[in-house]
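Both complexes shown next keep chain A, but they swap its partner, so chain B is in the first and chain C is in the second.
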Partner chain A sequence: MTSGTSSVHRATTHRPDPGLVALGEVRTGLLQHSAAIPHQLAERILQLVPGERVRLSQRPIAHALSPELMAGVDCRLAAASGTHIDGTGTVLTRASITGGTVVQASARAVVGPARADHRLPWSHYMARPGMIETRGKIEVDDLAAGFIGQPTSSSALDLSALSRRMMDVIQGSSQLDHAPRMRTKRTRLRWTARTVTAEQPHGLVEFAIEDDVLRTLQLRTKIDRIAMVASLCENLALHDWLLSTLLELIEREQRGAPHAPQAVLRLRPAIDSLLHLWMPAAHIDESLHPVWEALERRAGFTRQWEQLRDRIRDQVTLSAVTLMSVVTEGSASE
Partner chain B sequence: MIILSTSDKGGTGRSVTSCNLAYRRALQGSDVAYLDFDFGSPTAGAILSVSGAERGTTSGAGLHHYLQDRVAEPEQIDVWSASEREGLRGRPMGAGRLVLVPGDQGGGEFPVGTEMVDRCIQLFLSMEAEFELVLVDLSAGRSQAADLILSATAARQLQAITVRWLVFHRWTRQHIIAASGLVFGERGLIEAGTERGHDRADLENSIRFVRTAVLDLSSPEMAGLRPPQAAWLQSCNRELQELATKTKLGRTTMLGSIPLDPVLQWREQLISDNDVVFSQIANPQTSQAYEDLAKRLVHDEAWMSL
Partner chain C sequence: MESSFREATAEERVASVPLSHLSVELGHLYAEDISAGRDSLAAYFQRVAPWAAEARLTALARVSGQRRPRVSTCFLVDDYFARLGSPATIIPDLLETAADSGLHIDYLARESGCVDADQVPLAQLVEGHLVPDPAPNSTGLRPAVSEAGWLCNGQRSPVNGPSEAMRPVLPWAPAVENGRRRHSIFLDIELWDQTDGRRTWSCPFLAAVWQLLRLGLLRYQGRDVVVPKAWDHDTYPQEWDDLPAILQLSPRAAPFSAYRTFSILDGRFLPVEHAVRTILAQVAVEPLVLEQIVERSNGEGMRLAPEISSRIAYLFLPE
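Coming up: the complex of A and B.
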């Protein structure tokens, strides 16, 4: 865990109120570079705060995580019921690069009721990174549902804007050559995690594919896990992106000439750069593995991935054979 | 690849031709995004028959608001699923994506600051990362939009991206002179671009002209003309050709010429193959001209150094 999130953890443990909800958005996209970048370059690109360390890990897969940025917010929160709820506090944003290839930008905050009924000096909020305090009572389900259904152009707390900006900063880095090997979509995962008591059921509530770029995830978690949920959501978003991207690449290749062997061979760079990134629940706290497993049961991520991977490999082998025979027949008839 | 559509005057056929090119390119299998940067008159929604966005979007998340930092993300409309025209609904076999990024209704021009240039750069980077062809319809003349684009495309981060300009003009004396002025004039695009850090020769090489609504003198409809009329038109055409050559709008810098079409004279729309083959309301020469021009957009030979 990073320094930022552990502060969130501290802030929540000294006030064990179960009525909290974490809100977040993760964006995932292909790094705009012609090849996978080495660790040192990832480190330089993610050095968003001078002096603060970029966290690097090599196993089970290369992963670089930026320091957390904190932004002050004082705004309305979207509630499904339309109730007017104001909140003050801070939002955390961060970015990561996985396998030197995939960028993620995420923004998140934990929302809970304030003790005081008036706005406190900023020092109070600054000491609680990633916490937003609401004035008046809140209904966590109402807030979670409001956030999930929030339209893009809304004046309420806009984590989408923050994650987009972070993504743009990383992708716009002058250290990148902006000549990626393939064209891909960026996806967004909007997630919520509301706290429940130890006796209540926790884990996955719902995962939904809203459109071709937006996914939503709703979780219930015990309060001591809330700080770790963000990593889980980022990991999930990464795998969802891998799956969507591979599907998209296959669709695009087949669009031109459905069975042309060359078309399939063009998938090669994609296969090479993406296939080895599949590493479910890497860097995720073990206590959250059951959530992954529940998702697996419902959405069948790994099953889909394996099917796709096998299909591509078969096609590539088949095409290589076809091409070979075309070449040999050609030379034989001369 | 980013294609920037501009013209010196309004009403040249820039938007209608650009929409048809985007449509053709998508049919040819590319993923295409159409960005409506004509802030004063965002008509792409109407041409593509996307309801709710006929004169720009009302969602508040159009390009205009995006550039002004009022929304984080511009709206994207999937034309294959949002178009009201029956023949356009549903992505045809083999076609790529066709996405409209609309302007805002009631937008208008606005001052351009450095932050806006940055947002424009980021927009282009994210669009280019996703689409093979990004077609940008600008306002007429040396507009704010044109200045914004000239600044953005000079940025270092965009140097790996192929950027090309199309300048639309009608086939008349005044339009030829105006289009030439827009590009080569004292306050023209090349001058303005060079001031903003573009290499003069590279920029000049990335600009081509497109003639719109041109009367085809060899077409069968012309057979009904009286001999003096035909002779007059022929000599006019020759004069225009000479003028075009003199003002650097001749054969070498011309990328394509779209014939005058009766359908487009009456209505701003896409010309589908249906319109040509089944209902036969549009001329086959028009759809063929769009088809050819759409291919030349991405054909490097047509864009070799002059």
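Coming up: the complex of A and C.
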């Protein structure tokens, strides 16, 4: 037998099973730094597990993804019906930096029923990374609805707290200058994924903007590889954040003196650091592209982004014209 | 039209290491056992030999069909906790006394090689992969294990420390094992201690690293960390530090790491190995490595359980 390098498909875990539900939360925010950071720095910041590689890609956009951290849990799971469900297993968390500018932290687990009715030795759960086994039967719809509607302060499994802690670790890095060029909100995307059923053979995507920071996404899809679904949700959260942030900046700019030529200068940081980051479905497995396409049809992310981008460009052009005419008038009256 | 595009740095990749079916540890001796002399070593190997017979090892390797399994043997020398005599005399003594009982040592490893090997901080690497066994009502937000240097298999007995003097006194409660079968067998393991800022790893912790190396489960930046160095000289240096972490003594030996391990040890090592199994149950092996090894074993017609501890077998000898 020879030594060599291979990349292996994640085939042995998380086979599609109608009795499984994947739960996750993604937090997205502007990196606390005054400029886009280079790839090497992103790599150092995301080196969260000793000896494990940060995955780096340059195309079609710079993206750095941390190794996955595992946390052990043994707690109640929120169920919409109020049924008491206990689960034991592990949650995976990871972080990423896109374009040297946007940071994301995500936590996720796949929940399914255990074969045994008692807690097994810990080695059993450690051999199934990112899986939580419940004691007793579960209704996946009940768990998915319970997770989506879960209050943040609850004693049940709290993926929100885990993703927040991950976000704080990255944003608190001593390698950042903590002087971002603009004020932006952090958003949260809470998601669930259930497998396709006989009633829903073509999948289902429900996206909702719950308030100014919380979004929810409920998927029914073929969950062959849950890590890919997580990547899709992270990608969606990134684009939702870009859109929300740009909308907010334009709104803020217009609340000032919208027609003043200087107003456009306030959009400068957004023009510099955000406009080029729109790259829907980058690094997403092709099998999940239909989910993006379905979302585009309903929510029109790209249409709205292009419209906002054009509006900013028009404003820049108009301001330039205004400034030029001011200069011209000034020189004519001398 | 089909197209493909990839970036090597973006892919999940881990090295695939050469694997035997079974790694057999012929012994693990403390410094005093070795310094007890050649006769005592000879007596030790005579006790071990019947249990390392080919038929027994073939049964433990559990390969399918009539194939002859790949089996390698190893021996761990403790050069970490005590000053040993010179390898120039100890290694020939070991090899010769083993050979007198019909045993052949393929690989000789140094215990300090479980701390650092080839610039890779192995002990720290494993410590960084510990995921503590969660007690009931753990939602994943527990403090990191490295703060305490101890690892247990349950909930410790609540104790009021001096800094908590103002709090109401808690009644005594027993420590509880997680996932116990009615009654607890609670175990609390010291992973390391520290004097003058220098950390000394505990014997069970290094023995856990040793099992992970033998099972081919460790990677550093995706690379293999176990690269035994062939030793084809007739003599050995005066100092252990001048030897590689793992020496390959027979050129045609089957690979050092294996799908399964078997350790033949004196009965006094039983508590250490209980601790080793408790530690191993809490080590997060890279998922890609876990999957790769299960897939490879399937490819060889074997059924390898996903749990690491189920790949480890022992024989404890009466003394």
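Keep this in mind: the second predicted complex is superposed on the first by the 307 of 334 C-alpha atoms of A that agree within 3 Å, B and C clash if a C-alpha of one lies under 4 Å from a C-alpha of the other, contacts with A are read in each partner's own complex, and residues count from 1 in each chain.
Here is the rule we use: contacts are C-beta pairs under 8 Å (C-beta built on N, C-alpha and C of every residue); 3 or more make two chains touch, one makes a residue touch a chain.
Here the structure is a predicted model, which means the values were calculated and not measured.
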First, second, both or neither for A:172, with chain B first and chain C second: first
First, second, both or neither for A:183, with chain B first and chain C second: first
Most chain A residues touched (candidates chain B, chain C): C
Which superposed partner A:32 touches (first chain B, second chain C, both, neither): first
Partner chain(s) touched by A:309 [first = chain B, second = chain C, both, neither]: neither
First, second, both or neither for A:160, with chain B first and chain C second: first
Touching partner for A:255 - first (chain B), second (chain C), both, neither: first
First, second, both or neither for A:222, with chain B first and chain C second: neither
Common interface residues of chain A - those touching chain B in one complex and chain C in the other: 158, 161-162, 165
Chain A residues touching chain C - in the complex, by the definition given at the top: 1-8, 10-13, 49-53, 55-59, 63, 65, 67-68, 70-75, 88, 90-91, 118-124, 126-130, 155-158, 161-162, 165, 283
Contacting residues of chain B [partner chain A, same complex]: 29, 31, 59-61, 65, 70-73, 75, 94-96, 121-122, 125-126, 128-132, 156-161
Interface residues, chain C side, partner chain A - complex: 5, 7, 9-19, 70, 120-121, 124-125, 128-129, 131-142, 153, 178-179, 181, 219-222, 224, 255, 280-288, 290-292, 294-295, 305-310
Sites on chain A touched by chain B in the complex: 29-30, 32, 151-153, 158, 160-162, 164-165, 167-168, 171-172, 174, 176-180, 183-186, 252, 255-256
